[in-house]
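Input: structures, listed below.
In what follows, chain A forms one complex with chain B and a second complex with chain C.
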Partner chain A sequence: MYDDRSDPQTSVRLTTRLITEDGVRFIFGPYSSGITNATSAIGERYRVITIATTANAPDLYERGYRYLFGTLPLATTYLHPVLEMAAALPEPPEKVAIITPENLFAIAAAEGARQKAEELGLKVVYFARYPQDTTDVSSLLSAIRDAGADMLLSTGFLQDGMLIVRQAKELRYNPKIMGFTVAASIPDFRTNLGRDAEGIMGGEWWAPSMAWEDDFFGSASQYAEEFEQRFGYVPTYHAASSSIGGYLLQLAIERAGTLDTEAVRRELLALDEVTMFGPIRFSDKGVNEASSAAGFQIQDGQIVLLWPEDISEGSLVYPKPGW
Partner chain B sequence: MSQILVNGLLTGGLYALVAVGFSLVWGVMNVVNIAHASYIMLGAYITYWLFHLYGLDPFLSIPVSMAALFLLGYAVGSLVLNRVVRFGLVMTLVLTFGIDMILQNGALLLWSADYRSITPAYAGQGLAAGGVMIPYVRLAVFVLAVLFVALFSLFLSRTRMGNAIKATALNPFAAELNGVRIQRVYALTYAIGAALAAAAGSMVSVVYTIHPQVGNVFLTRAFVITVLGGLGSIPGALLGGVILGLAESLATVTVGIGWSEAISFTLLVAILIVRPQGLLGKRFFGGVG
Partner chain C sequence: MNGSSMGRRGAGLILGAVVLAALVLPPFYLSGYWVRVITGLLMYGALASAINIMVGLAGYPALGNIVFFGTGAYTVAVLMVKADTPFFLALAVAGVVAAVYAALLGAAVLRLRGAYFSIATIGINHATSELVTNLDGLTGGGRGTIVPFFPGSIEAERMFFYFLMLALMLLATGTVYLISRNRLGYGLRAIKADEQAASVMGVNTTRYKVLAWTISAGLTGLVGGAYAYWLAFLEPPYVFDIVMSVKVYIMAILGGAGTVIGPVVGAFFLELLSELIWGRFLEAHMLVLGIVVVLVVLFVPRGFVDLAGRLARALAGGSASRRAEGVRSDG
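Showing the complex of A and B:
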């Protein structure tokens, strides 16, 4: 285990070292699609299996790689539950704005949302990419408001996500729905924004309250409890996905009865499991195609799962309360 | 449209304050102070902790963060920087880069990479004037930024110490012949630069999210503004900040926000071609005023 400091060059160097010097045959990939994009290319060259637990930009899996497996569903589907919920409303929002930072994963999620919105008959009136380290989105939000968007979706990360909420409040821009990807599910988003986070929606790959379970971890909530006892904080999907990555690799190795990468690869492709992370089945491209994101809304400072309807824990507050 | 201009202007005020200390140190000492990013960060954290632990209003903590960073800046300036300043730009660049890395990684160890923010009761409140929203916090940041720049400009032109700084910027050798202790002037200039960075950091903390790398985003802008306004020029920093804020804001609604950084660096290149000394810079090196 090495720390790549989320720096692509460091990550590439360490991956090469893992393979050529430490002689590993299986690698749990780094954080983020951008960096995994680089490291999985090295794994592919040396025929070392990369289990990517936090990288799901579609580009990664469209390169014909044989040794890359991703536990998360594709990033493109991240905001689908929010859009499905919106379209199912008796008076759905009419105009959608989608903004994304310049980032492989975030752009994939935003493009996926744009496509889905159009399929559902919601009109996308504004679509923009902003620099990842932007310090000011007030003019971007002013332009979105002028475009008449009553639904704002953003695929930003924590910092830009919070900036968007704060500046939307400063400008008194009140869309009926405000939806985020990664940002909204991170606890810091809620603790930092307090009441301003109320009513914000999001997509979520995994939450402790989901009803999934397996023989090894038990239920999702049991996993979350044990995790919190050991590490002192409530796990997000990042942790759960990574734990499941380890579990799946172990299953595949046990079933193959050998550490031979070809045999383990065949067993990974043959997996069809239901785990505390949800159902898992890898496509030929290495994508987990059995699972999908759930939709939630922040209510009273908590994440309340609302979509799909069979796991719903409450009812949607719509339109989102004004500032 | 007027909203866009207001947004740009308000952001520009903060940019100006971020840049003014950086520009001063560059202009007077010929030091590209990479550690400026860390001083902004430290200022932001001081304000954060005073708010978080003692409930002190973020604007009232500005004197505290300025004083703390003034002392730190003086120590770094007199004990470290003064020893290498005569070896030229590259040596001091490496040195301040090193200081920056130490401070950022220190912050990472002490306070972790968690994102933090300050939300005083009046956050998000604002003034609506003719369909234009002016958030109180951003307005206050703008006014204070302009005030600091103005006061500092007066300090340079009206006080003995300010004149000594200007004299040293013009010609260190001649200044020394006239009895200016330039080592002391350098330490003091560096300390003032750090204190101004701290003031900017305190204000960054109320409009932005705080983390150990928060200063880096602003450092690139400080660089552009300094070149734009002219090395060491205080009014130049103000003008450059406002121009950059407006340019970013206007880029958002015309060519798209994705181009805003391209626009600021195009400005940088254009000014270097057309007017290499900067908009308000003097033609000789380091004209402070």
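Showing the complex of A and C:
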């Protein structure tokens, strides 16, 4: 295990080190789709299996790689539950705005959302990318307000999400629905924004309250409890996805009865499991195609799962409370 | 006197042979990881030598010089992906594109001096990065772009990039050597010492500065192009990375700006140290990098090469000291 400092050059070097110095045959990939793009290319050349637990941009899996497996569903589906919830409302929002930072993963999620919105008959009136690490989105938000959007979706990261909420409040822009990807599910989002986070919706790959379970970890909530005891904080999907990646590799190796890469690869492709992370089945491209995101809303400072309906823990507050 | 110079020539030949062996042999004996590490050292050596032409010779702190690295990288990526251009042709074009870019910019930006020039180059880097991000039909934008794999075996690939970076480093240091010994080098040194005086003395300062920047950018662009093929995946923040630019700048200063071999020494020292020691600690590597910068500025402002020279003179004393002075002043 090495730290790549989220730097692609370092990450690639360390991946080479794992393979050529340490003789590793299976690698758990780095954080972020962009860097995984670079490291999995090395794994592919050396025929070493990469289990990517936090990289799900579709481009990664469209390169015809044989040795890359991703535990998360594709990023494109991240905001689908929010859009499905919106479309199912008796008076759905009329105009949707989608904004994304210039980032492989975020753009994939935003484009997936645009496509889904159009399929559901929701009109996308505004779609824009903004530079990563931006510190001002007020002009974007003004344009969105002027376009008359009453549903705002953003696929940015934690800082972007907080910035958008703060500046939307300053501008007194009150969409009926505000939905985020990673930002809203990170606990800091709710603690930092306090009551401004109320009513914000999001997509979520995994939460401790989900009803999934398996023989190894037990239920999702049992996993979360054990994790918190061991590491001192409540796990997010990143942790659960990574734990499941390890579990799946173990299953595949046990079933193959060997560490031979080709045999383990065949077993990974044959897996069809229900785990505490949800159902898992890899497509030929290495994508987990069995699972999907859930939809939630922040209510009283808590994440309340609302979609799909069979796991719903409450009812949607719509429109979102004003600032 | 004659005997001593022959002795020195003999020692020089032996030293040269040792250095050559040390540069050529590694990929035949080391593991993939170490070959990759050393290929990285060579790349930084080339970049530090390229920036040295501006920083060391002309005294212009081109802090945002990484813009030409990114320009070169994207030129190769776009040509290979969109036009199926063979790598070496794409690489040559990358060098030319970066050089022309610098020549065009230089006419305007090189009117600025010192910190103002430095800030302008940082701004240019940022603007170019945004431009590349927004030309997403061509460059893939923020999603990045996948550069075709090197077609050969893993071993062949390892050798290829090692010797490619080695060649680029030798090209860059060789260029610095040549410049420092001809008219352009003297002109640049005059500009560094006192630009106004140089101008009065008849040095065409604008032409010299633009020429220096063009050469520096061309070399940096070549290295960027090679990097694109090596990494096989690009995103604008990876190659228009200001932290990397500052690192290269520090390498040049650390080793000895204005000397021929200094920047390479600085690059090897800083990268190797980073790889062996502080790169293994989370977060702390930036802290240590900062401390190194402060220590260098305080204690070795003229770099390692100068320090080594002074140490050698202090040890030898007397006549050796005078001789070293003589060697230094004509070199």
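Throughout what follows, the second predicted complex is superposed on the first by the 323 of 323 C-alpha atoms of A that agree within 3 Å, B and C clash if a C-alpha of one lies under 4 Å from a C-alpha of the other, contacts with A are read in each partner's own complex, and residues count from 1 in each chain.
Here, a contact is a pair of C-beta atoms (placed from the backbone, for glycine too) under 8 Å apart; a residue touches a chain by one contact, two chains touch by 3 or more.
Quantities reported herein were computed from a predicted structural model and do not represent experimental measurements.
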First (chain B), second (chain C), both or neither touched by A:Arg129: both
Partner chain(s) touched by A:Gln9 [first = chain B, second = chain C, both, neither]: second
Which of chain B and chain C A:Ser292 touches, first, second, both or neither: neither
First, second, both or neither for A:Ser142, with chain B first and chain C second: first
Which of chain B and chain C A:Gln115 touches, first, second, both or neither: neither
Which of chain B and chain C A:Asn37 touches, first, second, both or neither: second
First, second, both or neither for A:Asp188, with chain B first and chain C second: first
Touched partner set for A:Glu102, first chain B, second chain C, both or neither: both
Contacts of A:Ile19 with chain B and chain C, given as first, second, both or neither: second
Chain B and chain C contact sites that coincide on chain A, given as residue numbers: 102, 129, 131
Chain C residues touching chain A - in the complex, by the definition given at the top: 31-34, 36-37, 40, 130, 133, 141-144, 146, 149, 154, 157, 231-233, 235-238, 275, 279-282, 285
Complex interface listing, chain A residues touching chain C: 2-3, 5, 8-10, 12-13, 16-17, 19-21, 34, 37-38, 41, 45-46, 57, 59, 63, 101-104, 106-108, 129, 131-132
Residue numbers on chain B that touch chain A, as the complex places them: 3-4, 7-8, 10-11, 114-117, 119, 123-124, 126, 128, 133, 135, 137-138, 207-209, 211, 216-218, 221, 245, 248-250, 252-253, 256-258, 260-261
Touching residues on chain A, where the partner in the complex is chain B: 102, 128-131, 133-140, 142-143, 158-159, 162-163, 166, 169-172, 188, 192-194, 196, 323
